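Both of the next two complexes hold chain A, though its partner changes from chain B to chain C.
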Partner chain A sequence: MKIGVIKAYMLKEFKDLIRSRMIFLVYIMPTLILVMFGYGIKLEVKHSRLIILDHDKSELSYTLINRFEHSKYFNTKVLDITENEALRMIKAAKADIILIIPQSFEKRIFHKDKTEIGAFIDGAFPLRAMTMQSYVQGVVYSMIRDLMERYHIRIKKIEINYRNLFNQSLRDENAIVPGLIGLVLLVAPAILAALLIVKEKEKGTIFNFYSSPVKKSDFLIAKLTPVFLLHSVNIFILLLWALYLFKVPFRGEFWIYWLTSEIYILISLSIGLLVSIVTNRQIVAVILTVIITVIPGFLYSGILMPISSMSKEAYIEAHLFPVMYYNHIIYDTFLIGQGFEAQKNLLYLLILIFYAALLFIIGSALLKKELK
Partner chain B sequence: MDLIVNRVSVYYGDKVGIKDACVEAKKEEIIGFIGADGAGKSSLMFAIAGVKRFKGEIIYENYAYHSPKEAEKIKDKLGFMPQGIGLVLYPDLTVDEHLDFFSDIRELKRDEEYWRYRQRLLKMAGLAEFTDRLAKNLSGGMKQKLSLICTLIHRPKLLLLDEPTTGVDPISRQELWEILDENRKKEKSISLVSTAYMSEASKMDRLYLFDDQEIIASGTEKELIDMARDYTYEETECEEGCITFNKRTYSLRPLNAKKAEPTLESLFFVNALKKNKIPPPIQIEPREQKIEIPPIVMEARGLTKRFGDFVADDHIDMVLRRREIVGLLGANGAGKTTFIKMLLGLYPIDEGELYLLGKKISSPEDRQELKSKIGYMSQLFALYKDLTIYENLVYFAKMHGLGMEKALHRIEKLSKGLGFDKYINEFPKDVPLGIKQRFSLAAAILHEPVVLFLDEPTSGVDTVARAQFWKLLHQLKEKWDISILITTHYMSEAEYCDRVVVLKRGRKIADDTPQNLLKRFPNAKSFEEVFLELYKESE
Partner chain C sequence: MRIFGTVFFKELLIFLRSIGLVAVVLYSFTIDVYIAGEGIEVKPKNVSVGYVDYSNSILPQKILSHLHPPEFKKPKPFTSQKELSQAIFNKEILVGLVFESDFEKSLLTDGKTKLNILLDSTAAAQSYITLYYLQNIVMRFVPQKEGFELKTHKLFNQNADTHMFISFSEFISVLTLIGVILSAAVFVKEKEEGTWDIMLLMPVDSKIIILAKAFSQVFIIICASILSMGYVVLTIFNTPFNGSFLDFFMLTLLYSLTLAGIGLFIASVSKDIMQVAQISILIMMPLIFLSGAWTPIYSMHPLLQKLSLLSPLRYYIEGSESVVFRGTATVDLLQYYIPLAIIGTALFIFGFKKIGRLF
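Take a look at the complex of A and B:
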């Protein structure tokens, strides 16, 4: 390892990144993806078609219906049909939400008994479904709050029982945002790493490496270290967005999040390296990287679908991609906080390390100091 | 022998780059690679530089290598500059940063000697005042010279330069050869240099002549010239099986004419005859659409361009008449490309007035309707890499609003006329430079313009192709009444122009016919010397 050579190459890389304005991309893209998709969850959904089956027909149930009717978010219809008929309407895409107010709803509330409102939400589009769910929640909660004030009663615990049709695992944004971090940190460093190498191939400056005594390993270190360092900053930026913009709780330990993310970036870098070996054009490199990172990043991250409910083939595939392992640990650090006390997390970390090492070794073995 | 290249072949897939090449060189020798475009010079350079897989054996200082991997061992002694303007430069680094980078990756010590040498290289390249300029803001020739000095900075013992003087002005070329000469004496280095300037052959110890992926001859300049002696005649009428160019006629059959003294360029014509590759006679047909052309096609009055404090073009006046070929000459960075770009509207004009086809140009709208009357070929061929040559041409035709049928007809005519029809389905990067140049010209004239701006169209192009190219330009002038403004660093080409304009550091220092200029300097043996005198005079 020749420190001087690596330093010279790295200095050049940094200057180039800054002067070609690529540096903006490095910091804007990840944030953009997170905020865009993150807000996708919060996006207003107006005029969802709500069908209410009122089995109570009490004053309280009317109040509740009234509130829905006055909300711009819902197109409310109160129908006298059976639950099954209503469900069929969702299936036929004629309704988005079904709300079932049970018999003696009012009575039970005033008797401080447990009662349930049933809500069925069309989960075909998870983000939309989630939004609708939160609106329903909002209307019900606000009514109950008013009730408590008006009648000076205390309702200790309200439970709203949701069943998201067709996609039972729908999670709230607390779970989506960490998943997005897993996606972003897989895509962005890979693209940058691939670009830094392919750019030289496309332009011709790669000859400077081919025809000089610069070692392959030194070249790789010089190319990948800047990407690693730059994107390490993104680990923190993304965390800040998650905590302060999306208000995701953070129950685990920071160092676990950090360490795992750094290793994950190494995996991403190695993917970029592999892409740069098979391509000669920047645009191809970007597209190829996006395809091989975004698709598994989305599909197998557990954002769209929980791994456990996947078909068998998909289940195996999910385990082939590093995304799942990373997301598992990240969910834990954000939402649960077991850390490495849970054996599974530790195992998954080791798997990630193995991935990083394997991909990097393959990449550097395939990199040749010669023209194709 | 210190370098032995033993039956080396290079393949690109199933395409041959060079076959069974054998080259030998001793320390201190400068070896020249000459030959037509695409003959295999670069491929052999790739093999020797160890950047491309090859068959055969190369032995350098008793170390034999057979693959890029084995060649790693010699790379600290190697200096390799591949062909292509600014290819190995980083657009966003300055001149100084380039030298730093190239010194650092070679782990050079920064002693007094180093700085002295570095300063010399910068002076030679004419870059000493521009050390803070980004590579992307350098002129074509300045880029080329920067690549060159970056290759020389570590004083390589085995120097491989692939057309280092392409696009480099005559003054810098002289200085470059001085440096090469000094380097070989001081470092006892071997230099392999390919060149398209045959006048440089006299500076080389031995030459290898490449043709059709093979080395077909080698020897000193004199020995090679002698090979053409039997076939070189003074210009004469000749029906078939011969080529006439630049006051000489070449024929394999004995001609009833006086023999003429051959030059190295003659060898290329003779060789083309031997291989039965007589370039097809160019036949430009009359314009499909007749148009009225005003007597003055372009007039510039005091055109000025500044980049910050730097004045690239300083109050330049110029007239281009109908049916006139004007050569725009000048050292690297003199402001030729910048001037043409102002004419085209690619750079805004900072000061001065411009008239095109009798119309004053003051806004982009003024240019809009003139677009169809102007053809342009840039210094760095502006071709789409992902389209084949054919597709590129169709694209250009469409851009000019030609109908499909008309476009295809013209493309066929031009590709045959310019002799690149057999390459038409290849990608630009896979064809020799001379071919690229021809079809770039085709792209520029597809829409039958009235005026052509050509920026170094012949740089790096081989002798025969260049001769062809000039014949073509003259035909365009004759048959289409076209006017041409052309830049070049081949001073011999100045003589094919009706008039030349010489720029120096953004100022016009001469504007006259080549004949008058030659008369003004009776001692000059060639136009190159006239040029050097002009530059000296204006000091």
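Take a look at the complex of A and C:
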């Protein structure tokens, strides 16, 4: 190992990154992804466009309409159109929900006759539809309950007393942003590491390395250290965004976050290294890296689906990817704060170290200093 | 016309010869779409439930018997609340129910009782919908006022099946990403090799070359889209196709042309593939962000709503969703056709002019 060679090589890589303005990509892309997704993914649906067809026009139906009008979740319009016209508005994406109050609704309610309100929800976007459905049910049922209480109808009831642990106000940001850090730190270093090597392959300058006395280990250190150092800064940048822009609480210890993230970056680098071995063109390297990191990064991150609720195969697959282990620790440091008092966190950290070592060894063993 | 054909087929041939690229395109349009559709599900499913029963009565068991597959896993008993919360902290359990010792008694004597629920709300979507499920179960449990009913129907997708929706969205993202990168790469590759200036200097009309190159990539994208839509989204996930296929095809064609326009622009400002990747990400992210794919447009900030009018993706997503899921008639689709055509043409002409300039 020659320190001089490594230094010169690294200096060249840094200069290259700055001159080709890749440095912007290194710092802008992770921030951009975090900000876009952090703001972009909203599970709450506000101002959904509700159309009420009131065939009853009674006091009770006006009370109901009034309740919808005062809810921030709906932009309510009461229209005097036929049901088919309303349906056509949904089809043209001009409305999301139609609520039909039948004739003599009030009368039947007070006579305890059977009656029903129909709610038709645009199901083209299933999650949005389910959320809207629960909002509609909430408004309608709470009105009926108040009505019964006003007339002193005693009913047996079970009250639900729930506590949201870790994320008391059910903020979307708290649930999503830590997971996004796990995604970004998996994708970005991998792309950069893969590109630094594949670039030389595509331009043909890799032959300098093949034919020079530079050792394989020197080459790897020189190529991967800049990526590692540059992305280590991102660990802090992303943390600052999470804390000050998204106001995610940080209940754990900082050094755990830092240490785990550094190890995680090593894993990502090694994935990039593996990609650079199988590809010869930069474009293929970019797309391949994105595909093998983004999909598991999202699927097994716990953002969309908790690991504990996965089906058997998905549960096993999730344990094969490093994302899950990292995110478990990250969510702990942000929202729970148990640290290494919980043995599971410690175990997961060891697994991450094992992953980093394994992938790096495979990668460096497969990198050949010769023409195929 | 002959020149057009030659360049067109030359590009197709080059594409087919680079096996890596073909593999990546095929993978993204088929397997990737399949994995996303199969794997991602946002409905509460298999939710792991744990409970502590201090009351030793029948009612808790009756309530628990309503928590069954596919939404819930079999509830797991714990002996103390401490153990239960430890399991929640370790993310083994998502929802914990605690029945106090006077749970059933108070219902019988006072007419009301309390059920304590602990939710791991790091998975906000699941815990929110799980809570709402539980409320419904409990509500059904105690006899309600007879007669009244709220009937909700989710049009076009009664079971809120997310597989077909997510596979379809993944298809759109893949189409956008690959579409832009392919059409930019086909020009930038020549720039990198230094042959692009020669192409423009040849006695052949450079417009024809540019058109042929751009259309060859549009053709590849359209073929891949048909494969992806026809085979993966419609066949494997059984997505009902409620509209007319011609409408969908026309929308996709217009959209691919728009993408080619963006690709041309990116190609004209970048020197190598690396820059293409950077600039495409910088351009595509806002486009996707403003498209309403994640946040419904009407929930956005009013300023962003105005800005989103410029995103071609917005029209394509709304339009194609309308065709596929809502089965919208062609007349009502004009609101997507017209802006998409305008933006597409503008972008295409702009990129076309810019790439055709020699200096």
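Note that in this section the second predicted complex is superposed on the first by the 245 of 372 C-alpha atoms of A that agree within 3 Å, B and C clash if a C-alpha of one lies under 4 Å from a C-alpha of the other, contacts with A are read in each partner's own complex, and residues count from 1 in each chain.
Here is the rule we go by: a contact is a pair of C-beta atoms (placed from the backbone, for glycine too) under 8 Å apart; a residue touches a chain by one contact, two chains touch by 3 or more.
If you're wondering where the values come from, they're calculated on a predicted model, not measured in any experiment.
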- request: Identify which of chain B and chain C touches the larger number of residues of chain A.
  value: C
Query: After superposition on the shared chain, which partner residues are touched by A:117: those of chain B (first), chain C (second), both, or neither?
result: second
Field: First (chain B), second (chain C), both or neither touched by A:212
entry: first
Touching partner for A:36 - first (chain B), second (chain C), both, neither: second
- request: In the overlay, answer first, second, both or neither for which of chain B and chain C A:247 touches.
  value: neither
Message: Just to be sure I read the superposition right, which of the two partners does A:20 touch: chain B = first, chain C = second, or both, or neither?
response: both
- prompt: Should A:57 be classified as contacting the first partner (chain B), the second (chain C), both, or neither?
  reply: neither
Message: Quick check for you: in the superposed arrangement, does A:368 touch first (chain B), second (chain C), both or neither?
response: first
- request: Figure out whether A:70 sits in contact with chain B (first) or chain C (second), or with both, or with neither.
  value: neither
Task: Kindly list the residues of chain A that each of chain B and chain C touches, one partner per complex.
output: 20, 281
Task: Within their complex, state which residues of chain C touch chain A.
output: 18, 20-21, 24, 27-28, 32, 35-36, 39-48, 73, 85, 88-94, 107, 111-129, 131-132, 134-135, 138-139, 141-158, 160-162, 165, 178, 181, 185, 272-278, 281-282, 285-286, 288-289, 294-296, 298-299, 318, 321-322, 325-329, 332, 335
Message: For the complex, give me every residue of chain B touching chain A.
response: 46, 49-53, 68-69, 72, 75-76, 78-80, 82, 84, 87-93, 97, 100-102, 104-107, 134, 385-386
Field: chain B-touching residues of chain A, taken from the complex the two chains share
entry: 2, 4-5, 7-9, 11-12, 15-16, 19-20, 203-205, 207-208, 210-214, 281, 368-371
Message: Taking the touch rule as given, give the residues of chain A at its contact with chain C in the complex, in rising order.
response: 20-22, 24-25, 28-29, 32-33, 36-37, 39-49, 75, 87-88, 90-93, 108-109, 112-131, 133-134, 136-137, 140-141, 144, 148, 153-168, 170-172, 174-176, 195, 199, 202, 279-284, 286-288, 291, 295, 298-299, 302-311, 314, 328, 331, 335-336, 338, 342, 344
